[in-house]
Structure formats: structure tokens, C-alpha cells
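Working notes, beginning with the structure itself.
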Amino acid sequence: MPDHAASSPPAEEGGSGIGPSPGRSLRGSADQGVRALYRRVRAATEALAAPLSAEDQTVQSMPDASPAKWHRAHTTWFFETFVLASRLPGYRVFDPAFGYVFNSYYEAVGPRHPRPSRGMLSRPGIEAVAAYRAHVDAAMERLLDGGDEDVAALVVMGLHHEQQHQELLLTDIKHAFSLSPLNPAYAPPPARGPVGKPASPGWWQASGGIHAVGHAPSGDPMDFAFDNEGPRHEVLLRDHAMADRPVSNGEFRAFMEDGGYRRPEFWLSEGWALAQASAWEAPGYWRRDGRDWVVHTLHGLLPVRDDEPVLHVSFFEAAAYAEWAGMRLPTEFEWEVAAQARAGTGLPAGGPCEHPRPLVPGLRQDVWEWTASPYSAYPGYRPAPGALGEYNGKFMINQMVLRGRSCATAEGHERPTYRNFFPPGARWQFSGFRLAAGA
Amino acid sequence: MPDHAASSPPAEEGGSGIGPSPGRSLRGSADQGVRALYRRVRAATEALAAPLSAEDQTVQSMPDASPAKWHRAHTTWFFETFVLASRLPGYRVFDPAFGYVFNSYYEAVGPRHPRPSRGMLSRPGIEAVAAYRAHVDAAMERLLDGGDEDVAALVVMGLHHEQQHQELLLTDIKHAFSLSPLNPAYAPPPARGPVGKPASPGWWQASGGIHAVGHAPSGDPMDFAFDNEGPRHEVLLRDHAMADRPVSNGEFRAFMEDGGYRRPEFWLSEGWALAQASAWEAPGYWRRDGRDWVVHTLHGLLPVRDDEPVLHVSFFEAAAYAEWAGMRLPTEFEWEVAAQARAGTGLPAGGPCEHPRPLVPGLRQDVWEWTASPYSAYPGYRPAPGALGEYNGKFMINQMVLRGRSCATAEGHERPTYRNFFPPGARWQFSGFRLAAGA
Amino acid sequence: MPDHAASSPPAEEGGSGIGPSPGRSLRGSADQGVRALYRRVRAATEALAAPLSAEDQTVQSMPDASPAKWHRAHTTWFFETFVLASRLPGYRVFDPAFGYVFNSYYEAVGPRHPRPSRGMLSRPGIEAVAAYRAHVDAAMERLLDGGDEDVAALVVMGLHHEQQHQELLLTDIKHAFSLSPLNPAYAPPPARGPVGKPASPGWWQASGGIHAVGHAPSGDPMDFAFDNEGPRHEVLLRDHAMADRPVSNGEFRAFMEDGGYRRPEFWLSEGWALAQASAWEAPGYWRRDGRDWVVHTLHGLLPVRDDEPVLHVSFFEAAAYAEWAGMRLPTEFEWEVAAQARAGTGLPAGGPCEHPRPLVPGLRQDVWEWTASPYSAYPGYRPAPGALGEYNGKFMINQMVLRGRSCATAEGHERPTYRNFFPPGARWQFSGFRLAAGA
Amino acid sequence: MPDHAASSPPAEEGGSGIGPSPGRSLRGSADQGVRALYRRVRAATEALAAPLSAEDQTVQSMPDASPAKWHRAHTTWFFETFVLASRLPGYRVFDPAFGYVFNSYYEAVGPRHPRPSRGMLSRPGIEAVAAYRAHVDAAMERLLDGGDEDVAALVVMGLHHEQQHQELLLTDIKHAFSLSPLNPAYAPPPARGPVGKPASPGWWQASGGIHAVGHAPSGDPMDFAFDNEGPRHEVLLRDHAMADRPVSNGEFRAFMEDGGYRRPEFWLSEGWALAQASAWEAPGYWRRDGRDWVVHTLHGLLPVRDDEPVLHVSFFEAAAYAEWAGMRLPTEFEWEVAAQARAGTGLPAGGPCEHPRPLVPGLRQDVWEWTASPYSAYPGYRPAPGALGEYNGKFMINQMVLRGRSCATAEGHERPTYRNFFPPGARWQFSGFRLAAGA
């Protein structure tokens, strides 16, 4: 199970955004050096956790989710274990017991606290976690005085890892709050305009042939990519068309009203079984409100807006919708080639999610998009040696690739080659989808 | 599953006691009136929770246990729902949502939050719970100005209920801390003398015949008993002998060393299956330490002392030990008759548990003692009408009666007719046992 | 889980009875000697299995049930292991592997095939089981030539054990057939008269005081009782009244129509949880048929008759009905004393079940009757030494006592001191109940 | 969950083969017409079931497996439902209840008996199943008199479906027998030569580039392929090498002896968790025999031979072995292109499994081979309309493709484009793997 992906909307999106975000951008900060980047990313994590009480930061609502204070400590343990322990002479480990408590899944580092029991950890408390972060930050400052290029690459990796956990911190607290009978909100609701009526999607026509995909390292430590994004290699695509925006709530309602959740002919067998066992009848977090629907968000319960992209659907629901619509999901390579073609104008993905903006031309519409591609290794892929090699490769089974980014992804964390991945039944991420057509 | 039983050792037991306790005594305070009693019991709950951080008060380590702040709020909801709502004109409910959140199991009061999800409740936080308690306490003060006898009986019941939760608060946090790799302690360890060598137990010989057991109401509201302790009625006992103290750790070790946990011939079938499935090889909270044993306590990890009563054993272990010893457990009526006979000199039960004292003559040795009696209704028993009738009767199946009190029981909460009850596999209570012999 | 209790209606009940039964009576055959008894009981088992195909005898519909051929082989293994192996010099074990396969739960005899996997045993097939029975029967004939009194007691015990399995063979195949979409019948349906309207039950008034209960051995090997029926001892009863017949289907329907399955106030907490989780809305094997009910029986699907005793209810349903009716269940000792008082005129229990007769005065009305008594040891009870000591005592936890006999019990297998026992949630036995009143 | 794939070794492999097989070949029989084919395939199923008793044919050892008589009836139901019902005027359904009982997973055909309960079906018995088969066969004979081409295509599909179930019948009874403490054998063990020492595998070098894969229909009804094998399309391969035979038991032992089952660094995370939870320490059916290993086969327990291909390994074990060896598994397209290149000389796969022949040059070495390819739709894939469209497409998630055939596959059932698929944790199929190297 991956422990990855996270962050909040950019500053310019206004005061209603989910937490402070200037420091969550990596991309634009190469000129300021790794040290400035380190400070800003680490501060952004603390800003995201700031609205949460000690109790909020302690609960774990399901084995797949983690407590907020665990995210704060685990990202810190990552720097302590993979950077400071070997690179900063004389570094004193903050608390040897933390190695057991805050290791997520690295077998090579030793035994670890069972994931489903993270919510049992009343200790260390949030003040102790803050002290842990301060201790590691102070040591990192000393280390970064050295300016070692090799260290820089490791630190940038650690910061991308922390940005992933920034997004998870938000998805996990959203899930936890969804179970509370008190309906807590993480942030006040944004001001919103009237519901628009989005035009039908446009279609990007794409010609088949051999295309290069994947990340090729440039040597610049700031030009980071995870190991699963390479090696860069050629793929053979076919002629196809791809929608220029994700499917909207209004469109998904038409599927629901046509019996989408009651008609097995649209569903994969395993998806149908899961939907029946879980009594799914709408996307995640939707709740009946008389004859209409409301949706649990980080801003509390809000009406479902037809002009926003549908969110919190599993791969199974995305695939069933596509089958119902007589189309299909794009492959991850179709998506990447389209993203590269539009690199100057933003990703093909996008759209508002938690503080939603209408699906109108010219705007980003940020949701993670399920693709038709199982998560597999690229030709020639080799994991890094040692514990860091456990980062991506060992999850390459029974997961589907998502592309794009969400409204909760840190600014600059995304790139056209980015491969997010989750099991096909997962719904607690900010996941939607777009359609494709043609072989 | 009962939500019952609780509290700490009396003040005179010294500074190493588990939390402040003067206010936890009900018995001696009849002359001071219900109001004084109310104040002291309520304050005692807060004193017990005081050493716990917000995070500590939030975790729930298993479905049978509850978070500390939930105990604080549920006992408050009890007064709000069963006393204030109907007896104090103009009472304003603190938060209507709390009725759903803090109802433990009263079907008649309406739907309620699922018990296994109490640990998901980050809200209300500990400050909100404190405000809730203050709100209810202020209203109770107004109500108690009235001096209504009828109200007095209800309030005394609510206070006994709260004392039960005081003990549960301690047993539950003990269990939660036992799962932490950081081994937290609730209180600093007490000063202890050298380990003594307890003499063999003495035996109380008892003659058979008809005896009266159970509680007969006196009309004094301070003379409280739960409904399951009555009606008073006659039972037929046989000649028998009963040990004058519980089985000690040292004695239990002899059972272990003789293969007690590996020899099915001593065990009830269901107990053997549970012991195998749970890989029991010692009492609860015991952990191997080289070739010896240490034990998780509210004072942290301590060596196992042979001169203390064995604790945290299930009924199954108690019954297996008795079989191994060629004896049996006493029935609850044998126990009660013995307790009545010794009423002036303390209960037959007792012995130190968390801050242990040696098993020497004249000292109390407080542990809840498993009896051979399934938990059933007394002849003529009728539950109270309405929701409060759900307090005891509906649990009268698949549970065994424990008698006595533990070191965590509030002073004065115990009485010779008191019937505690738990499923035979439960080990997280302060439970031990003594032996009996003869038909 | 006990492996006990079994058999069919007496011959005089006519051709519609469940299987041949003359040989299933033990009581009347003391004059004919143990050998005659052995032949008849053993033959009765084979007669009960005769209507079942090889496939029918192989399936296991739940862990609590066993395949019919397993019952046939296990009862044979009992004689081989506990009689022949030690008493017949030169006896050759039929197949050493059978010791593993057909041991039910005797820990002292060694490891055994897991109970839930008995339905995996395609081998040995029914012919091999028949050969096993013939091999053991031939050896038993040789042994019985000796006329050893000690052997006689063991053999009679083995035959009572086999009679218990005769009843289980019927309850287990009834359960298995209930899961088949083809609704198979074990036997053709009996001719039945019109549905009668039973009068209200009469009430037996009983005075309190000390009574003797339990079995006292007479020294006659034919005067058999299981060890859990003794020692004979005194109990103290109170004045009370007991219904002279079990509750009928018609009476139980009134409970259902008054919301009995939807009103938690009548239920024990654990029973309510089980009823909700299992979606109980009627007794076991009842199925909706439009606005009425039909019931799965060994004769196939039949209409529910209001003049028959209600069957296949759990202890929880019996207790809820009693609560609804403002009464209670009798204790096992009240039941036994009543049975002794009426010893010349048949047990107090009884009534038709699978080939039902109306609830009219003078007729037996055979159903196992739940009592209010948890299954515990009698004062002075000691299990037999060795493996046979595992027969009853190790199940004395979390079970309730049933008294009487059912229509599937072998003639003569019952007696007033007989203690049947099952967990309170069990419904697949022929279990009903009668009411009592007064403390 | 697929219900697919099956059959036995060719006739020329001698009398020790698993059941009769001449009738199990489809390929060579085009000239004899569909009717002859029908007769031979149907007879082959009966021949495979012939060694099994009624009891053997009834048991179901896990939810993924089915009873042998269920396979016999389900394949018959397939012809009744998808061919006779719509194509043979006046056809009388044998038993309307069978539609519920023998539907495997076709949602469009209506509700069905739950898969995990197939082992509860004592009825219909094996004679009734034989009558069902005869009834359908007679009707099919009448239908085939018509000589309709359209019907021919349907019938050939039904026969391929039946051949899949022939293999499943063998894998499922093998699993059931593996659970029996009596170690039954399906067939007597074959005569075997001494264990050879296989040479290191040779390596087939393959050049990258665009290749066509998948099945293109020829119009000949005998030229059958399942819908998931098409459409034929182009793929881009890279330069690589592929072993000329599967990994052997001897080679796999080296992995085991190097700690393969104890070193998480070789394993996918989900595979490691499964291996730990299941306590895997060797391939499926291997059992310790002192310091060596024996293996449960259809011929009973046999020594593990180092010169045979390793069998009954999951995808996870295959992938871990490849990681340990510093190589990888081939993709399904690399495999198919290699198979096409060697079409005249047999598939690249193969080798003896249940009646094993040494891994020496020139011999087929039949095992299903896990590939690195998740099971996905080919570009342009559309399932057939109606119920038959549920055959393959709805399983395209969380499964891996296997290529080749096994010793239990019907002669002629295989082809280079054939795509078998199972979840990565499955071990009860005849599954092995070969290595590849290069990007």
C-alpha cells in the first residue's frame, strides 16, 4: 500500500483554500536552492496540520489511512533515517523507539509498528512530534550547509515524499471526519458562484505511432522524478480521441439515474461484488438529502454541484461509467502524450475539487484521473538499491495508474510523467476520470 | 457488554496510589448529603483523567474498551438524560448530538454511535468534554437544591454508575498503553519492599444449609445496590472450605511450570480453543524477559512478584488452575455468605494489585474474583421499567459473576452483595480468583 | 461443542415416521441383555442413514453439523477406541488413519481432523464406512460373549452415545437439505388431520422447598445416565407454576405479530445483536409464502400449523417470548421435579414435531425445551478419569440446559434427569420451550 | 473468478496418463465435423470423472474450486442454456431448477447458487447428472443434424469451454485430495526413469520492433479463439532473451536454500504479506519429509524430482524468483511472438507435470507460465453482446496472464494466442514460469 501523494491549492486560489500553500511548491524554487525549498515544504506540512486539534491528529479511521501526527512524524523519520543517519557525522537520533513507530513499510530498515494500529499511538503527542520535527530540521540545516550534490538529490526526494504525505494528510482527515456524527469541517466553506451548465466536453484527436514516454534524468537535483517514472522509453499508440475535461457530477448523475449502480452489465466482476457488498449507490461521501444529494467535504456538508468534476469514485465506477457511455478510459501513455503536447498550457487534467470551480474553458480542473493501465514496471526498470528501492517497485501489482494531480496536490509536485497508483476499489483519494474513444 | 465498575485505591494507601481517591468513597458520606457526594465523585473522575493527555484520552484499543474522554462524557450524559431532562424544568441540553455520541447501549433512548468506533471521535475534544461536565454539574447543583428524595435515589445511582466507569477508565487506558511500543506509564512506580514468601492460604470452613443472600432495600437513598443484587432470597449451600486469600503469582507460576497452558485436560473446551488461538502462555500483560517475566502495569513494566495475587486471568485460566489443583472455584453465594460473616473485618476478597502489597495476614488483597456462578437473574428479579431497566438484566447470558473489588475500585463502591460480571474469556479487568473445596 | 443426542419416533407412531425405530429403544431391553441392545441400536443407525445417498451422507452444511457417514463412522470409532482396543485381546484396528479422521474432540486420544473440514472427506466412502461398521460389530460380538459387567457399562455408554448421534444425524441432514435449492425431503409427508385450535395451557402449581434432583446409580448397567446428571443432590425451589405443554406455533405467531422480532426491550443484549446480524424474523426453517409461512421439514416444505409446538427457536427467542408474555422459562430443576412427579404418565415435555400431532390433552408433545439454567456442574461433580472424562464436563460454559426429548430422540433414550445443552443462539436442534411463572 | 481451462495428456504419453484423452483433442478433428468433435469432448469429460466416487465428485475444498459433478453439470447447462434453448425448437429443459444451480457467473441469465456453497449440493447426485448429460447430448445430436454454421460456432465455443472445465476438474480434485488425511490418489503412479540433471537453459535471443499479436478470425468455425485473444494488433517489443524451458524444481530449490521465502527484498509487498500470512515456505503441495521434500500429486505423494519444472507456484513466487535471479518474467507478447516463431516445432512452453518427464532437449515441458503482463483488454476489444459477453471481459482486473498449456490441458486446446489468467496469489493451477532478460 503506497504512502504517497499530497498537498494543497495554490495561494492565488484565495482565502478559502485548504490551508496555506506558498511553501508547497517545489518547481519554481530551483533558483533558491535546496535549503529554501526544505524550509518551505516542511513549513507547509505544519501549516496543513495547524487547524487540527491534538485529538484530530491522533485518530485513524481505517487501516489505509494514517493519523495526521503520524504523517508529520513519518516524513521526519524519513530524513532522519535516509539522510541524517548516514550523512551528518555525530547526528544524535531523537528517540530510538521512533524507528519502530514511524517506519511505514521499509522491510530493510527493520520491524515496524503494524499499520492498522497507528491510531493506537497516543504517544508521542503532538508537542513531542513538533519537537521531533524541530530536532531534525536543525540537523538538516547543519547538513545543508555542506552543499553536497548527492545530499541534495536525497533531500529533494525526501521533500517530494513529504508532499505526497501532505496530500494524504488531507485525504485521511477527510475520511476520519466523514465518520463523525458531528460533521466537523477542516476549513470554512468558500464563496461560490451559481451552478453553471458545462458544455459537452471537447475531444482531442490524437494520431497513432511511436511516442517516447517516461522521465529522463537531466542531472539537475531539482529536476526530480520517482524511479517508477523511468526509464524513458518508446510506446506504440493508436489513433484515438480524448475528452478535454473530466466527467462532471451532472454527467455522472445521468449514469446513476439510468441504473448505473444496479446494472451488472457495465461492471467488472470484482467491482460489482465490491459495490454490492459495500452497498454503493453513489460516489464516495455522497449522502442522500431528501431526493437530492449532499457531499461531505473538507468544508463540511455541501450540495453536490453538477458543474464540478465527479470525485471519490473508484476505478470500478470509472470503468462502469465508460462502459455505459460506450467509451473507455485512456491509457496512461495516451494521457502522458497528451499532457506533453499541452505542456505549455497546463496538464490535460484538472478541475476544482474541494473548493470547486465550474468546468468552463481555460480553467484547471484538478482531479486524479484513473487510467486503463495497470501499474507495472517500465522496460528496464530497476529499483534503487537498499531501503529506498522499496519506494515504488514493490507495489507493482493489483493497482491501477492515476495521472494528473488533485486540488490537494502541492503546487509543482505534478509533472506529465507522474504515476500515482491505488487499488481499483479505493475511493478516499481525490479521484475522478476522463473518457477516451477509439482503439 | 457491560459498562460498569471502577476506581482507585484509598488515600491512606500512600502517594504511589493510582490517582486521588478521597472523593471516590460513597459509603461514609451519607451524613454529608447527596450534594457533597456528587461533588466528590465527579471530581474524582476528573482527577483520574488528569494524568492523561488529549491524545491518551482519545484512543480506543479494542471494541470492549472506551476512550477516557468518552467515559468522562458518557457519565455526564447519564445525568443529563436520566436526571436533568425529566427533573429540572427548563434544563437546556448541552449539545443534542451528544445523545447519539454518548449513549452506551440504551436501546430505549434511541440510536447510538457504534461502540467499536468510539476511538474515531476526535470531536468533541477534551476541552469540550470539560465544558459539558461543567454545564451538567451546574445544572445538577440547581437540581440538588430541591432535596427531592426521588431525585436523590437517581443521583446516587448515577454516581455508582460513574464509579464503575472510573474503574473502566483505568482498565481501558492500561490496555491501550499495553499496545504502545513506548511503554507509557500512567503513574510513577511505588516504593516496594522486598518480595515476601506468602504462607500457604488458610481455609475457612463453612457449614451447609439455607442462607439468605442478595440486597434488601432499606429505604435510605445512600444504601444503594444495583437491581441485579436483589431480591434478597434464600439459597441452599453445602459444607465447604474456602481459601482466605486469592491465588498468588508464585502459586500460578507452579501451574505454568507444570505445563498448565499446554495440557488440555485442565481446560474447558472453549477456553482451550481460545488459549490456543490467542497463544496464551501466561496471565495478561505478562511478557518474557529472558528466562523470567515482567508485567505491564499502570506504573510501567515491573518484575512479576510472587507474593502478589495473580491478576488479569480469564475465568478459563482460573478454572484450569482449580482443576489442576484438584479443587474448584467458590460459587457466588458461598463467597457472599463468607463476606457477610466477615463483614466487620473487611471482605474476604482483596489484595494489592497495581501497587501491590504482600499477601500477608490482616491486609486487604484486592482483586475481582471469578466465581463458579454464571450470571443469572435472582428469583423474582424484574428490571426497572424504562431505559434504566437495560442496566443489568439484558446482559444475563454467557457471563460469569465476579465478586469482591479491585485495587481500582472506588472506596465504598463495594459491598458483599455486589455482582460484577464479564465473559469468561475477558482478561483486561483486574481479575484473579481464590480456591474452594468440598461439594 | 457437544456431539450428542439423537433418535427417531417410536414404531407405533405409524408409517410416516422418520426412519425405522424399533431398535432405537434402550429402556425396555434390559432383560434381553446388552448384546441384543447392541444389535438393535447399531441397526437403527443404519436404518436412519438408509434413505440418504452417498452424496447426501458426505455434505457438511456448517461447522456445527457433521456428515451422516461421519456420524456412522464416529460412533463406530467410539467402540473401537474405548472398548475394543483395551478389552478385546488381539483386536486388529480397521484402519489406523481413522483414529485421526473420526475422533470428534477427545484431546487425550491425540490430534484429530478439524471439525469444519469433515465435509471435505470424500474418503472413506459409504461402502468403506459400512465395512468399518461390520468389522467393529463382528469384534463386538466376540467381546460380548465374555459377559463382563465392566464391559457392559462401557458398551451401554457407547450405545447412548450412538443414540445421541442418531438424533444429530437427523438434525444435521435437515439443515443440509434446508440449503438446497431443490428442497429435498428425507421422508414422504405424513397424513395429517385438520388444524386444531389448542386450548390455553393448563398450569401445574408447585410448592417450594427442598427437593432431590439428579441421577443416583443403581448398579444396573442398563440403568445408564451420563456423568453430568449426577451426583444426586438437594436443591431449594420456590412456589411456582408451570405450563402443561410447550408454546405453540399459533401462540408464537402472536408474539411475531406484536413486533416480537423488532422490539429490543424483550431481548437479551447478545440475542438482539445476533437476531439483527442474522436477520431473524421467524423461527428457524420458516419461510415466507406470500402472506403466510411454510416450514422446511424432513418431509419437505409444509404449511406451518398453529396447533403444533414451535420448533427451532434459540434460547434467545424463547427468553424474549417469555419476557413478552410477562413470564419466564422454568429452571432445569423445576422441570425435573415436575417430570418426576408425573413419571408414571410420561414426561411433562413433548409434542409432535416433524410428524406433528395436535396439542391436545394426553398426548406426548416432544420438543427439547430450553430452560433458564446455564449448564454447570452439580455439586461434587467429577468427570470420569481419562479420555471419557471429556464427554460432558469440558462443555460446561456458555451453554443452556434443555430438558425433555424431541420427536427425533430414540425411544427410551430420555429420562427425567437428562441434561441436553446447546449455546443460546443454536436453532438447528428440535428445540422449543414452555413457560413458568412465580419467583 | 474465471471458470476456465482444462485437460489431460495426449494418448501417446502412455497408460500412466491422467485419464483417457484421445477425445480431448479439438484441433485435428475439423475434417470430422462438429458432431464427431462434440461426441469426443463430451465423452472425455465423463472419462475424466470416471475414477471418482459419488463422494469424491461432491466435495468442494475451497470457494475457488468446484465439485467434479458440478463441472459435469455446468458444462451441460452451458449447452442447454446458450445453444438448445434458443436453437432447438421444442427443446424441453431437463429441470428448471438446474438453471439456478449450475449457472456459474452469468448475471444476465439470472440469480444463481452461491459459488462457495457448491459443495452443499448433495442433489442432484451423480446418476442424475449423468441423466442430465444424456438428455442434453440427445438433443444436441438432433440439433447437429441441421448443420447450421452459426450453431457450429456456438457449439465449438461450448466445447472449448468444456475443455477448460476438464482441466479445472483435475486441478480441483487435486486440491480436494490434498486436504485428506488419507492421501488418496486419482491415478496410479507412472513408471519413471532415474532423475536427470538438466543442463542450464538455452536462451532465445529476440530482436525488438513491431510485431503483430492476437487472434484474427479465419471464418472456419473450427478455428476457434476466445474473444479476449483479439483483435489482432501490433505491439512494440524490445531486444530481449528468453529461456528455452521453464525453471526446474532443482533450480527453485536453490532459491529456497538461499532464503528465498525469508527475504522480503525479492518480493512484491502484497506477495510478501500473503506468503507470511499463509506460512509459505515451498511451492504448493510440497511437504517436508525429514530433510527432503515430497509432493502431493494426482498419483499420490511422490518425491520431488529436480529435473521437472516447478509447479503450483503463484505469480508472487515466480516474480520473487526472477528478482533473486536478477532477471524478469517475459511479457505475454514476448511469449506469443516466440511461440509463433516456433509454431512448427511446438509451443515454447511445456514439460511434464503430473507424470513428469525430464527437462531434456526436444521434449514438451507443459506448465502454465506466469507472464509479467496484467490481464487487460486488447485495443479495440469489445465483449460479445448478451450473456456470452460475460465470458472474459469482466475479469480483466487484478489478474495476471499465463501462457502455454499444462499437462492437464486437452490436446489441441492450446494455441499461441491463448490467454489464461488467474489472480497473482493463486497456486492450485498447474502453474510454473520461465525467465527472460533484457529491457
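Read from first to last, the chains carry the letters A, B, C and D; within each, the first residue is number 1.
Following the convention adopted for this analysis, a residue touches a chain if its C-beta (ideal position, glycine included) is under 8 Å from a C-beta of that chain, and two chains touch if they have at least 3 such contacts.
According to UniProt, the chain labels map to these proteins: A, B, C, D = Ergothioneine biosynthesis protein EgtB.
Just so it is clear, the model here is predicted, and its values are computed rather than measured.
Novice: Which neighbours do chain A and chain B have in common?
Specialist: A chain counts here if it touches both chain A and chain B, and no chain qualifies.
Novice: Since chain A and chain D share one sequence, what rotation angle in degrees maps the C-alpha trace of one onto the other, as a multiple of 5?
Specialist: 180
Novice: With centres defined as the mean C-alpha position, give me the chain B-chain C separation in Å.
Specialist: 39
Novice: Just how far, in Å, is the C-alpha centre of chain C from the one of chain A?
Specialist: About 60 Å separates the centre of chain A from that of chain C.
Novice: Using CA atom averages as chain centres, what separation in Å is found between chain C and chain D?
Specialist: From the centre of chain C to the centre of chain D is 47 Å.
Novice: Residues of chain D that contact two or more other chains, please.
Specialist: none
Novice: Sort out for me which residues of chain B touch chain C in the complex.
Specialist: Residues in contact with chain C: 1, 105, 107-108, 210, 231, 233-236, 238, 264-265, 267-272, 315-316, 372-374, 376-377, 379-380, 394-398, 424, 439.
Novice: Would you tell me which residues of chain D are touching chain C in their complex?
Specialist: Residues in contact with chain C: 53-59, 61, 69, 97, 100-101, 113, 117, 119-126, 176, 179-182, 184.
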